[in-house]
Amino acid sequence: MADYNETEFLICVASRLMQDRTIAFVGTGIPMLAASLAKKMHAPELVVAFEFGGLGASLDKLPLGVGDSRTFHKALIASGICDAMETAQRGFIEYGFLGGAQIDMYGNLNTTVIGKYWPPKVRLPGSGGANDVASHCWKTIAIMRQHDTKRFVKKLDFLTTPGYLTGPGTREEAGLPPNTGPYRVVSNLGVMGYDDKSKRMMLLATNPGITKEQVVQNSEFEMLVADKIAVNPEPSAQELKILREHVDPDKLYI
Amino acid sequence: MEVLESGLGELFQKPDVWGFREWVHKHKDKTLTSKLMTEQEAVAKFVKDGDYLGTELYGTVRAPMSLTREVIRQGKKHLKLAGQGIHEIDLLLAADLVDTLDITYIAWEVYGISSILRRAVESGRVKTADWSNGAITWRFKAAAMGIPFIPTLSMLGTDTLKNSSAKVVKCPFTGQKVALLPALFLDVGLIHVHRGDKYGNCQIDGISGFAFELARASKKLIVSAEEIIDTEEIKKYPEHTIIPFFLVDAVVHAPYGSHPGEMCYNYWRDEGHLMNFLEDSKDIVKTKAYMDKYVYGPKNHDDYIKLVGIDRLKKLESMIGGR
Amino acid sequence: MEVLESGLGELFQKPDVWGFREWVHKHKDKTLTSKLMTEQEAVAKFVKDGDYLGTELYGTVRAPMSLTREVIRQGKKHLKLAGQGIHEIDLLLAADLVDTLDITYIAWEVYGISSILRRAVESGRVKTADWSNGAITWRFKAAAMGIPFIPTLSMLGTDTLKNSSAKVVKCPFTGQKVALLPALFLDVGLIHVHRGDKYGNCQIDGISGFAFELARASKKLIVSAEEIIDTEEIKKYPEHTIIPFFLVDAVVHAPYGSHPGEMCYNYWRDEGHLMNFLEDSKDIVKTKAYMDKYVYGPKNHDDYIKLVGIDRLKKLESMIGGR
Amino acid sequence: MADYNETEFLICVASRLMQDRTIAFVGTGIPMLAASLAKKMHAPELVVAFEFGGLGASLDKLPLGVGDSRTFHKALIASGICDAMETAQRGFIEYGFLGGAQIDMYGNLNTTVIGKYWPPKVRLPGSGGANDVASHCWKTIAIMRQHDTKRFVKKLDFLTTPGYLTGPGTREEAGLPPNTGPYRVVSNLGVMGYDDKSKRMMLLATNPGITKEQVVQNSEFEMLVADKIAVNPEPSAQELKILREHVDPDKLYI
């Protein structure tokens, strides 16, 4: 078994969730690395969409941001932000990968403020494209590098980006497209999905050496637990080799 | 229209369609007259204290940095900004020239949040309203279309909507709820392009971000270009013109105008410079030292280029990918 | 939303945003699979009786004529059309395949009104609703944006609005009256382009009319191209892709596919052919003879090319202007 | 004095109304010829806009339609119909040139039907871009080749394209942009403007040999007559030479 760090494991787990022959919106950081790894492993025909207009890029080299030249290098179209967002709004984009400072049990995310809105205790970056991605993509996958009770919270300080809002039917009630919503959460402890009926977050798989109790204890809200908990396979030697030698050889992220 | 819900965020710029029409009718020059000028002339002539300013870019890519630095050197105050931005907004905030922000995302992507934004907003010095990236661009698009608002399915059900000035209504055709975004007409737009002619006809390589929309949403538009080309080149490929001359008030020749950001196919971003800035920006004194050295120090963009050093810039050129 | 005025025109296609989303989710192929096929295969597979059909063109320029002739040969019935068009709509009307028309302009520009349109509408065979050119294109644009309606200041105060299905409301931001146009989602879009790859990534030279919008507003999209190019060419200039592959269901190689219309930079329009048609179209028997000879006669586009004659087509190529 | 036909005169009169250093929307036929002539006479910097996206074309060769390659030959931008119409909607286009089957005293135009709406006695082409042009351009100029009581009517069968609707303030009341509206009508008998106060059509100039009584009699509605009626100068030898040899040497229109 290869030696690896937590970030590398997170990238591998996220990567495996990326389905070949679909279009996925990816943001900077782990989603980008995961997409690049997926394209070199099991999903060569994954079409990666970036919000500033690049779609279908080769990802030969790792972009530094969602609009740099690597996001449309050898791409199939290089348009603009409206076209990218409207492609999602029209229902063409299957997956969206997001992150956040806080997530609640319905998969809602906060990337705006800690404390009250203004002036806030901590001003975070804001929605960026996350709100659009989570409003329009069919399935969203949240990546949370640090699974603890400050990040998996009962109540968000600010609901930046919609998950299942306050429960079943509330997305549709708010006007969001039917049959869309959060799909998975990847954290440093494991992978969560959502209970079909209650739309509440549910532990599906833990990372090796992590117990389901640890996941529950590190979540402020009551984390549901699936009847059968899988264990995420560790990064394979091949995954690590490709990740280190081809995805991020300059060690920009890992 | 019966409004089901109204965002409580302040509407910093009213969607005044008639005012915009009257303004462009009275002020916009529809003639083929050279608009080439220095960035000092352009900013002095077309940016006023209190203006609502928009910059077009993708993160640090194709950012109108030379124009932004000149706005700061001239100390244009009480600005309103729309961002989606990074380095250029950090600089404007650090110079304490900004009163309000229609914010969608201001941060350093993978390198994390902006210390300068935090200080400006957490202190209560800068007021904010929040939007999504799509929403703010659709606000420009509505302005570019000459209509007072545009619907979207974004922002519904969230605090983002509650802290914006969007409104929720029921669609009279389908009965579904939609968010209406007020058009965002800018007093001044700043855009950096690959090439343009002296009249302001401009071309952009690669993705075009929201240049099309922002150019059309601006009462006054200052364009900087890596290269000034002959109008005959424009006429040969008119389908490559993304900004036609009649939208443009000033054309500034600014090679390396996006530095320390990237310009696709021209030069890679200056990672060292940005990492140093990012570190400096955590500290008020060091931020001021950066501003003194790179913004207030050089008297113009030529000076800035000399300060950065042509060898360094040539190196960045060598690092950029081709097609 | 309080509606101040509702057009009385029938809404031939409901702006079903959710239905469109579900449809593309279920049916659209997001994979890089060759979609090259003959026009017979494409039309047989993707056009159904009763479909709402849209063609993209500028008068007789860059018109999907080879595809239109195949739709007629296959006798697809009870079609709904949006036009803005000339020759292709005349042919579909002459073949009596059309039930309803969202019409903005159907005529021969300087050569006057369409006799075929007159017979079809004045007889009560074809129902109409009226729009402006801007309005119908903005209806495609709303669909392309994935929203149920879009506002405009066009059509206000006129019978055009009264005989459309637009609605007038008061803007909740400015208080001004605006017309809301329902999004127009097409069952099938037909577009002729300069070049595309086998997956459907397409480029267009010169003006792009409403190709961008119509391609994105179509559930099913059939593209014909003067030239099939390698995907490497697409990847080299991705900013020139106006239609990306995932919008496209079929790619048909159709040199001279716009004949007797023009294809800019490729061939000039066949004025003699069109003048003869225009004359023939005034008479029902002569119209039928034209249809028999040029539409039903040839079994496919290759046959049509032979019928017209390669010398004639080469002459049209020699008449087109360069850049 | 040169010999000329009615169409040539109409083109010359329309051409003289085209102001240098402005942007004008022109349609097929006489407006196109007039624009081409104007560019070669007094208005070299007239920027001609066509509704399918060509703007600033050379007009070296006469287009056959509003979207053919000559509408964007050596143009400054070749975009699409949305951009063209939105440029007008934003207030950038000064003049729009239109035609119609019927015009009323407020400059409203009919190009849709004769008789009732459906099924109509005569189905005309429809609005095309005319409604947009007349809604958004600052000043519209109508060109009517045949001035008679069937065309200058009391009541339109169908109001396709807005003039001053039913009188002062009614454009604004309908939601159309302030300070816009009909400016001139060019017919085979003369040139009409609009009374500032009543917004009703008013004869300003007659063609040589035409009396103001003829104009009044050939209008079904009550045509106002300006205090002082000018006489339109006949086409000059230079205008005719340029028109015949350079604007339309192939005799497509004249």
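Should a chain be cited, it is by its letter among A, B, C and D, assigned in written order, with residues numbered from 1 in that chain.
Just so it is clear, contacts are C-beta pairs under 8 Å (C-beta built on N, C-alpha and C of every residue); 3 or more make two chains touch, one makes a residue touch a chain.
Fair warning: this is a prediction, and the values are worked out from it, not measured in the lab.
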item: Contact-graph distance - origin chain A, target chain D; value: 2
item: Pair joined by more contacting C-beta pairs (B-D or C-D); value: C-D
item: Chain B and chain C: spacing of chain centres that average the CA atoms, whole Å; value: 37
item: Chain B-chain D separation of Cα centroids, rounded to whole Å; value: 39
item: Euclidean distance of C-alpha centroids - chain A vs chain B, Å; value: 28
item: Multi-partner residues of chain D (at least 2 other chains); value: 54, 72, 74, 78-79, 82, 89, 136, 177
item: Chain C residues counted as touching two or more neighbouring chains; value: 17-18, 146-147, 152-153, 176, 178, 206-208, 236, 238-239, 323
item: Arrangement of touching chains [line / ring / star / complete / other]; value: other
item: Chain-to-chain touches, reported pairwise for every pair that qualifies; value: A-B, A-C, B-C, B-D, C-D
item: For the chain D and chain B complex, residues of the former touching the latter; value: 21-23, 45, 47, 54-56, 58, 72, 74-79, 82, 86-92, 94, 136, 138, 177-179
item: Partner chain B, residues of chain C touching it in the complex; value: 1-3, 11, 14-18, 146-153, 167, 169-174, 176, 178, 180, 182, 204-208, 236-239, 323
item: Chain C - residues contacting chain D, complex; value: 57-62, 84, 103-107, 109-110, 113-114, 117-118, 121-124, 127-128, 130-135, 137-138, 141, 152-160, 163, 168, 176-179, 206-213, 262, 264-265, 269, 271, 320-321, 323
item: Complex contacts: residues of chain B adjacent to chain D; value: 17-18, 20-22, 24-25, 28, 30-32, 143-147, 199, 201, 216, 231, 234-236, 238-239, 241, 244-246
item: Contacting residues of chain A [partner chain B, same complex]; value: 28-29, 51-54, 61, 64-73, 78-82, 85, 89, 108, 112, 117-132, 135-136, 156, 158-162, 165, 170-171, 173-177, 252-253
